[in-house]
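Each structure below is given as structure tokens.
Shared between the two complexes below is subunit A, which pairs with subunit B and subunit C, respectively.
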Partner chain A sequence: MTDEKSRRIGVVVCQCGGNISDYVDTEKVREAASHEPGVVSTQVQMFACSDAAQQDAIREIREKKLDGIVVCSCSPKLHLATFRAMAERAGLNPYEYTQVNIREQCSWAHTHDPAGATAKATGLVMAGIARTARSQPLEPIRVETLPQALVLGAGVAGLRSALALSDLGISVHLVESSDHAGGQVMRWGDLFPHDKVGAELVASLVAEVGRRENIQLYLGTELVEKSGRVGAFSVRLRTFTGDQIPLKVGAIVVATGFEPYTPKPDEFGYGLPGVITLPELKEALARRPKPLVYGGREIRSIAYIYCVGSRQSADDGTGHAYCSRYCCSATSHISTVVNGLDASVKQYHLFRDVRTYGKYEALYESALRGGSLFLRYGEEAPPVVRSQDGALVVQVKDRLLGGEEVELRPDLVVLVTGMVPRDNAALTRVLKIPVGQDGFFREVHVKLRPVETVVDGVFIVGTAQGPKNVAESVQSALAAVSKAGALLLKGYVDLDPQVAKVDPNLCVWCDECTKACPYGAIDRVAYGDKEVAEVNPILCKGEGACVPVCPKQAVSVLGYTHEQVTSMIDALAKEAV
Partner chain B sequence: MLVFSTNAISDMGIDLAGSSHLDYAASVEVISVPCSSGIHPEWILRAIRAGFDGVFIAADGPECSYVSDCVERTGRVVAEAQALLEKSGYDAGRLKMAAICSVCAEPFVHHMRQFGDALASASAPAVG
Partner chain C sequence: MKTDPTFVDTLRLGGEFDARMCMNCGVCTALCPLGLEILPRKLFRRVLLGDHTAVEGQETTIFSCLLCRLCEQNCPGGVHIAENVRTLRTYLNREVHGLAEA
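Here is the complex of A and B:
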């Protein structure tokens, strides 16, 4: 890093066609920036992101031999990549570029205070200059990738992931902890919307897996160890006989699925004869019984109680506050199946809200046409199920009848249970991927990076990530395959170099940073006649959990060093509004 | 007021406040970091010493994609920073933390107004 006073920094202030300059005096901001030590070029542009403005900036970088650039414009979420690429085209290291947000976090937020907005923008620009003056060139960390993948879970999502990876020419190790492939779908009968039988769907996928030479299926096997990095993970499997299998894989797809919610004893009468769950009904109907019999009793009427184990109050301690998505459609569908078996069976749906989204609305309409009756109950007054003289009695206050109590005497009560996460504690410890408050594995970004985890090269698919129906599970599986394929087939991957770094001269090895690191990225190494901490940049995610625990301030994240952050604080305080 | 926000989550909530033209004081200035669990307590003391009335940590909260116990970790940063402030003769109430999610535009603005008012009343001379 060069001395900040000898830096040659350029500053571009964007007007954003008035979005900024209507409230911020951009010329005044430019003028203030031009007096900062190390700043040798300043510009105001109508649109800094336009081709012409980028060409101006590139020319300025080259002609004035700039070694850092600050663009004051919109949110980095929009144009960080744009301006990093611009810097690179000009021959400037992209990590010597700082984007300062004077639109979303300044001009747009202070439209009634132009003077304040201008002063704030000036402070933000000064902080950006201070940060850039202490920046250093960084290079992406390039690592090789192996064209082999590990898929955990051989349910529909895992099977489909394995086949699609195989199609790309990637060798797959497909690992299933139980003694058979197929997951939950294996036990189900007709699946919506096309009435394909679950067991047949699974059987066709398993048969295809068996035909692929580049897929190895391991049943009764678990992942017990993972080390290494994206592109070259070292993993160890353990079979049910205790055998250990070491493997090297480039990517890991987690498709470990869900568990159906099991009602607590007496929850909506669960435990009484004739009170069953939706998966139990689906399993029973897979045999297509005629007449409709359950537990030796002929079924002439069914009451479905929706949202059992889903959408529960956040304070009930279960964490099942989410909607399980699939159950409304699955129940509408199962009632059409019942109707097909025996149209004279009366069906009552006790629901809170019907969420048969998209094309699944047709299932709801089909259930209605089949004669199903829908009664809406409120969360504050759930239905009561009891047994009376050997018969089931269900009482519900129907909101659509103004809260009037309705009493039903069905032969079967079906609790429409949602999805809950599996006990993934051991797997979470091995993979070091985060779990959300709902207990399911968590993606990096729900919209923009929906199947990636914070651990590069580890992807989550299907219901391991949260409730999904089969179609949605397969969509996420194929999304993860495309991400893994892009990663593995290129042969290398570039990692963000903004990771933690230890100053060995300051470090006294107290072990606090290793304890704080969630990724096992810090090692103990010899340095001269002492031992110090050293960060493995390939494993480090750059979140900085190690930073506040270091008593010597020996560790910081590149791009956010102590020196950079404190210089920004000082610059902002100096210009404080 | 100085706000520490996070690149992946709270920054987006603060951006959304601006995109929605929700007004808050121009004296609120933001430094973005990767994760709120990586904020050094000394930075907070530095900001107060440099002249900021208060520091607000717009934390990742339970949405954090880096560490599942981000709330606890950031809580420890806050506790340590408050101890540092008190040791240096500053009111610990000059540091506040709340989780700001990627769509928490209104909660962010509400926090800024509330914290701004609290700081103003704390620094106002006693009357009567």
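Here is the complex of A and C:
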């Protein structure tokens, strides 16, 4: 490491067009910084992120041969990447750059106290200089990626992912735990909005998969082990006969789907003859019965009860709080299918809100035109289903009649059940990807990174990530394929070098860091005549969970070493005196 | 209220009855020059649910309607309200009063 006395550090203090300089005396901050040992250049800029200001900084770095730079401006969330790129253009290692946040964490927070804000900004800048004085150049960790992918689940999302990966020239291992491909959709009849039959849709995908030489389909097989890193995972599959299959893959697409919600006994009369769920009705209608008969009884009228197992606001938190998205459209659609089979069947939709969003609104309208009656109920007064003399009786308070109780005597009660997550505990242990509060696999960012997980190279698609209809499942499948393709076809991936590092001389292998690490990135290795912890820099995310638990201070995160953090605290404490 | 899914079919023997696109917005009630409160939206909903007692109990109202079509002209759902009222009258004449159709 460079001796801090001989460092040549530049400091840029940004005014952010008044956002900072209205409350912080930026000139005073610059003046204070200029007296710090190692600081050879200081500037105040109106907008440090502007092109002209970046050119100034680059010139300064080159002319004064700076080996570190501190920009005191906004949150690193906003401009860390900007200034790292600027440092790189000036020929400086981007990890010799430190961003100091004197806007969100200073000027904006202390608009009532300019003197205090200036003192705090000065302290933060001193800490930034102290950290930079002890910074080391770091190089991205470049690793090779294999053009092979593992797709878990051969439902619509998994099949479509496999085909699209195959199109890109990526070999696919498509793994299905059951004994057949097709998932839930295979059992369903007509799908909305185009009336294509589920089994036919799936059959066409399966046939295409069969024609591809670079897709290998494994039925009755599960993933039991995963190690390695993005671009080169080592995985182990286990077949139903107990055979183990080891594979090397660059990326993993999780398309394990959902379970239909199973109502509890007696929930809306579930268990009574003639009370079925939406998937059961879809399956029954796939056989196109004429006349319409279910379980031996002729169906003249149907009552659908919406939101069963969805949008539950139980105080004990055991319910499913989310909307399952597909069910309003699916039920509106299935009522038109029933109409097509027998237009004289009366259909009653007992709903809470109709969420046939976007183009699916047309399904709701065609249900209305088909003569379906919609009765709105509130969660506080759900419909009651009971059996009386062998007939089904449904009581519901109709809001449009001012809450008057309406008694229906349908031949069939269809509980419009939502989607619930599958039991993913075993897979979660193997893949180490998080699930959300709802139990579905969780993406990194719902808007900006919707198919990526915190484990690089592991993607979540379809209903494994949350309730979706078929179209949305395929959209997410193709999104994940484009992410996986971009990763694998480049042949390499650059990883952030700000990762944890163990000093083997200090380490005594107490296992604390291994327990703290959420990514399984710490291995036990031999070092001389003892065993020590070693961080796999490719798996490490640099979040530092291992650092505070180490009793020997043997582990630290590069860019945030003990020495750097201690010197930052010292610098802050000095200013506060 | 007890419902009868076949009621609307019986009604339709005497003419058209179509209130599928009624969204219960209440424009009809607001515009009615006679201020017939139950007509048409509340009554139509009861008819669709199969509450024949509502029809029989609202006979005066049903025959008070002027068939002026002010409501129909302004119905955002395009419901043929006047035609529906005629059908209700036919039903009452036939089923309640035993009058043959003209």
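Methods note: the second predicted complex is superposed on the first by the 519 of 577 C-alpha atoms of A that agree within 3 Å, B and C clash if a C-alpha of one lies under 4 Å from a C-alpha of the other, contacts with A are read in each partner's own complex, and residues count from 1 in each chain.
The rule is short, and it goes like this: a contact is a pair of C-beta atoms (placed from the backbone, for glycine too) under 8 Å apart; a residue touches a chain by one contact, two chains touch by 3 or more.
Note that the structure is a prediction, hence the values are computed from the model and not measured.
A.B. asks: Determine, under the contact definition given at the top, whether A:M568 touches first (subunit B), second (subunit C), both, or neither.
C.D. replies: After superposing on A, A:M568 lies in contact with subunit B but is clear of subunit C.
A.B. asks: Could you figure out whether subunit B or subunit C reaches more residues of subunit A?
C.D. replies: The partner that reaches more residues of subunit A in the superposed model: B.
A.B. asks: Counting only touches as set out at the top, which of subunit B and subunit C does A:L408 meet: first, second, both, neither?
C.D. replies: A:L408 contacts subunit C only, not subunit B.
A.B. asks: Of the two partner chains, subunit B (first) and subunit C (second), which one does A:V209 touch, if any: first, second, both, or neither?
C.D. replies: neither
A.B. asks: Is A:V547 touching anything from subunit B or subunit C once the two structures are fitted on A? First, second, both or neither.
C.D. replies: In the superposition, A:V547 contacts subunit B only.
A.B. asks: Have a look at where A:G116 lands relative to subunit B and subunit C in the superposition and call it first, second, both or neither.
C.D. replies: first
A.B. asks: First (subunit B), second (subunit C), both or neither: which does A:A127 touch?
C.D. replies: first
A.B. asks: Residue numbers of subunit B touching subunit A in their complex, please.
C.D. replies: 2, 7-8, 11-12, 14-19, 21-27, 29-35, 37-43, 46-47, 50-52, 62, 64-68, 73, 76-77, 80
A.B. asks: Give every residue of subunit A touching subunit C within the complex, in rising order.
C.D. replies: It is residues 300-301, 344, 346, 368-371, 373, 398, 400-401, 404-409 of subunit A that touch subunit C.
A.B. asks: Would you pull the subunit A residues touching subunit B in the complex into a rising list?
C.D. replies: Counting only subunit A, the residues touching subunit B are 75-77, 101, 103-113, 116-117, 119-120, 123-124, 127, 434-437, 442-445, 453-454, 498, 516, 518, 541-548, 553, 557, 560, 562, 565-566, 568-570, 572-574, 576-577.
A.B. asks: Report the residues of subunit C in contact with subunit A in the complex, numbered from low to high.
C.D. replies: Answer in residue numbers: 1-3, 5, 9, 20-21, 24, 42, 45-46, 48-49.
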